[in-house]
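Look at the two complexes coming up: subunit A is in both, with subunit B in one and subunit C in the other.
Entry: the complex of A and B
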């Protein structure tokens, strides 16, 4: 299509504006993360948009180095919350992917599963807040409260619908002829799955897993209700980075926020072409 | 959709079919169990607790809640709970402002990305970034931006030439605006992504064929673009409406539902009931009302969609 120069100018103007609005909040946090105390405490006329004296102090601070200027040392460093976020998200992803892709294969190939697809949509529809009471009671009873494995189990179930629907669309797309050929040659169903289907599904499995990982990593609400001290995740821990004495520790929070923001952005860019499929439960492909 | 496809090796019926059915059952079993574990049993538990005045503070196990039986008192209370109704109204207000705003902005941007231009791929990747940011972190970003001595006011001061120090997050109506801005910032990219996929799909698939067959611009728009985009628009709006109804993370970090209860949505209200008031019997009643309402809505939506799709295929 040929467009007029006026249109091209308009298009670039709008896009540049949109990009600026997109980047300002992220850039502001990044800038705060590298500012020394004097700069991140500044307000109003003293505000600096870009760090004048960039420093890694904020990162050192959240990993346990006490700050002479703040006169506070953290009671607990960010190391364990980062570990908690990682463990809960990774194992939650494994649970969701294992159960989800098995069920998706069962439904795609054998029409098994009954009303499972609908139940999974329903699961996604409900506000998590509305189902947390029984989960909190059960988790307390099973001694799963405040553990990363208890959190991973909830994550696995909460993101199961995405794993299931994503993998179902991928299995539906995979030509059956290849599997059938292997079956005719005398391979058992299980061997066909292991030696033929799984290798072909490696890339879809990886993208789906990354997608589910982003969702798990992004959780705040569930961790807020299920973890209290030992295994709080990054977003929950962030709230503790303020005190009555120092107020908000903006620099430290920004540094931690930056650490939390990076993995899903990288993962998201890596699976960009599958994002539409994932977000629309496979209803739409790109 | 290719319609009904035959199971592999359907010719050899009997044993093979039975084995396949069994395998299918085993494969779906873990997912079924997980759903059962998180849905069915907890639902019954919640139903039971909702009929009592039980709270974890009573020190007794939830199974003993019958001793605090109060029939439907929780539900009656809910019907006259002003804080609940205003939280619901606020949730709906956020929804009717944010979802259409995200839709229109997303659609506008998507139409600009329909054909190729220099830098398209890079712009596209950058524009998608907000929805990948952890919502709690996004909440914190906007918390910083909207401080009275923060960058938003700084920018406004520079633009207007006056010294502006608006206390965004401690003013009831401005706090609502700030929360909505954060939601729109984060989720416009999702609308953009889905709608662009729809627009591009239309273009590639059928528009060229229609042009070859001699359809003019208007015919192409009415007969191809609109029907195809209709489904996609419904999907995009449905997803955002459902997700927006759950709004919690960003909002709670920015305002904690405050000042006072000025930005308290239903998720925030329930959270406060769970952690501060600990009146879990009441929370269970609220939760069940929400679950029931949404399930009925889903049922209606699905039957409508079923009808619509059969009409289309006819």
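Entry: the complex of A and C
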């Protein structure tokens, strides 16, 4: 059916508007990251979309090089918070994906676990903050506060339901006949899981892991409560970027934001092939 | 060539290496051999036992054995000698304040941290806490028995709430033993013992040591107020001279006059956001009667759901007209950033604003040399002018009940919070701690960084400052007021409804706190309210 030109125009207008709404904040952040202080503090008619005098000062500043314009030297640089975010998010993702995939496989194939799905979804029935006081007490007792591994463990637990439910959907969609054929050929159940099922699930695993990683990577509140100084993450560190000389250090925050956007983008590109397959996995019934 | 003159390969390498080492040392050493930052032992004035040295006027901050600082250091040395001192003291401090302890000031001086560690041999471990998260982090440490800090630094009016949790200790015995002399009439707190009671005590006992002077003060742009064209245009429009406002009516009119958003200029940027804005409501409300419009009657009845409360709230809402469209979300970083970029004609902020923004070293500031200070606006009542401002935030340090070395922690606070060290520290532009002791206001270094024009206004503002609520339940009382004021600013509630709802919530909180505790705390709090009123002429 041929669509009318007016409809096509409207369709493209909506698409362009959606893209603009999505990209403008990112473009603004990228622009801000390269602006000197006089430009990111500007208001009214002095506001500009693009830097008039592009500079790398904001990046130098967060990595500890004192800038004459920003005046205040930072008490800590962005290097360790970036490391903390990477460690906590990556290991949190590994924990969630390992436990979530195993549980999902067990339930999908053997109906094992009884009320496990309900128990897991309960973890998401209330905001994580609601349980943070008891978690903080336990973590203090276990000396896990202000450690990246303590944070990674909480991330793993909090994102476990996502990993479980995503992977269960994917396992349900996967034809059992392939596994059964391998069993008939004499493969053990574990070997079937390892050699047949997992390779076939590479795409769903990758897309689920990326989703879980982004959840962990962007967390602010849990990291704010569980870290103090040694292992604060990027969002917590970013919140501290202000000074009495300049107010909010928008340029420095934008520079850090730009850096923080890199790992999810790299991960997304690296698994792009799997991502498309993962997102459409099971969309076509055989 | 004789055998004796021959040099083996091994000898050649050894000699060469030695030579290279000597040459390198001679070459490199000058880079490290700099005039060291001076410590007390280097150049103390006669009779002094400690303090900084190495800069002009350093002797003002040195101390003898019979001073609060001297007694604190000697007691710490005694504890150290007896093996009863800790290896380190952990101080939790808002990120923005750390610089005042770690950055040397002025040139040639040691830092506060370096000096303390040099004089006592105890490491001062400062843990940064995100600005605005001080109370949350403290409560977190208390409720989880985290034991991460020896000393907490939180807003002064949370002392009651913290003391009630048992998370901080009473310092009375240490105060009696080491005599901090906070009420010294020459150098101590403003209003002597009454000032000490207000800032450091809860129900008659010492729970905190004030490390701040957050008397909210008003600033204006001298370039705008002094411009002939502006003066003429203002006089033509309003019929009186353009000068720093004396009343809230004048403030609102001048702010409206300067409200030019197309030029990036707002009238007055005193805050309206949740968490800070209500301090500016306080100023309008408490100046509604002479000498003061109180928040509670002596019998504990809230007084805000009244003609005065309604009028103050309506003014507060109307003032949004000359502020940024985002005013409800602006906190002090936005306020400081905006004022520094020349975005406002007037503002009310911490007393450190001129230190940071009227500062030639701050090349990002466009208002350096263009800032003036003024007393808070007020109201004409019975032929007098009642001007009131408010004490808000004001970091105060308390000792954790989980600290294994409370006496050493106290001695650090006595040293840090006494007038000599504190004057030196507050002059440092590296952080937020502001002057509040008599010695600070007259100290040349403090006056240099805070500016003479500002220090005199701050001192006069202190005399017109009302304390915010510091009763048990202070956090809940303020949250109730704050949430209702924000609701009135967003239009979710009318001014009348906001005051009625605040009163209702305050009554419930008062019931939870208990009448005996509350009435006693109200009485103590009221005793610290100012009595100064200005003459209209």
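Here is the rule we go by: the second predicted complex is superposed on the first by the 258 of 286 C-alpha atoms of A that agree within 3 Å, B and C clash if a C-alpha of one lies under 4 Å from a C-alpha of the other, contacts with A are read in each partner's own complex, and residues count from 1 in each chain.
FYI, a residue touches a chain if its C-beta (ideal position, glycine included) is under 8 Å from a C-beta of that chain, and two chains touch if they have at least 3 such contacts.
Just so it is clear, the model here is predicted, and its values are computed rather than measured.
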| item | value |
| --- | --- |
| Combined model on subunit A: subunit C and subunit B, fit or clash | clash |
| Partner chain in contact with A:247 - subunit B first, subunit C second, else both or neither | second |
| Which superposed partner A:133 touches (first subunit B, second subunit C, both, neither) | both |
| Subunit B versus subunit C as contact partner of A:83, first or second or both or neither | neither |
| Which of subunit B and subunit C A:38 touches, first, second, both or neither | second |
| Touched partner set for A:205, first subunit B, second subunit C, both or neither | neither |
| Which superposed partner A:145 touches (first subunit B, second subunit C, both, neither) | second |
| Greater residue coverage of subunit A in the superposed arrangement, subunit B or subunit C | B |
| Contacts of A:94 with subunit B and subunit C, given as first, second, both or neither | neither |
| Subunit B versus subunit C as contact partner of A:225, first or second or both or neither | both |
| Subunit C region in steric overlap with subunit B, selected from 9-17, 135-143, 225-233 or 333-341 | 135-143 |
| Touching both subunit C and subunit B, counted on subunit A across the two superposed complexes | 42-45, 133, 136-137, 224-225, 239, 250 |
| Residues on subunit A engaged by subunit B in the complex (per definition of touch) | 1, 3, 8, 11, 14-15, 18-19, 21-26, 28-29, 32, 42-45, 47, 49, 95, 98-100, 102-103, 105-107, 109-114, 116, 118-138, 154, 156-157, 160, 164, 176, 179-180, 183-184, 189, 214, 217-218, 220-221, 224-225, 234-235, 238-239, 250, 253-254, 257, 260-261, 264-265, 267-269, 272, 275-276, 279-280, 283-286 |
| Contact set on subunit B toward subunit A in their complex | 5, 7-9, 19-21, 23-28, 30-32, 34-35, 37-39, 41-43, 45-46, 49, 56, 62, 108-109, 112, 115, 117, 123, 125-138, 140-142, 144-145, 147-151, 153-154, 163, 165, 185, 189-190, 193-194, 197-198, 200-201, 232, 235-236, 239, 242, 245-246, 248-249, 252-253, 266-267, 270-271, 274-275, 280, 283-284, 286-287, 290-291, 294-295, 298, 302 |
| List of subunit C residues in touch with subunit A within their complex | 95-96, 98-99, 102-103, 127-131, 133, 137, 140, 143-148, 261-265, 332-338, 340-341, 343, 352-353, 355-357, 359, 361-366, 430, 432 |
| Touching residues on subunit A, where the partner in the complex is subunit C | 37-38, 41-46, 68-73, 75-76, 133, 136-137, 139-141, 145-146, 224-225, 228-229, 236, 239-240, 242-248, 250 |
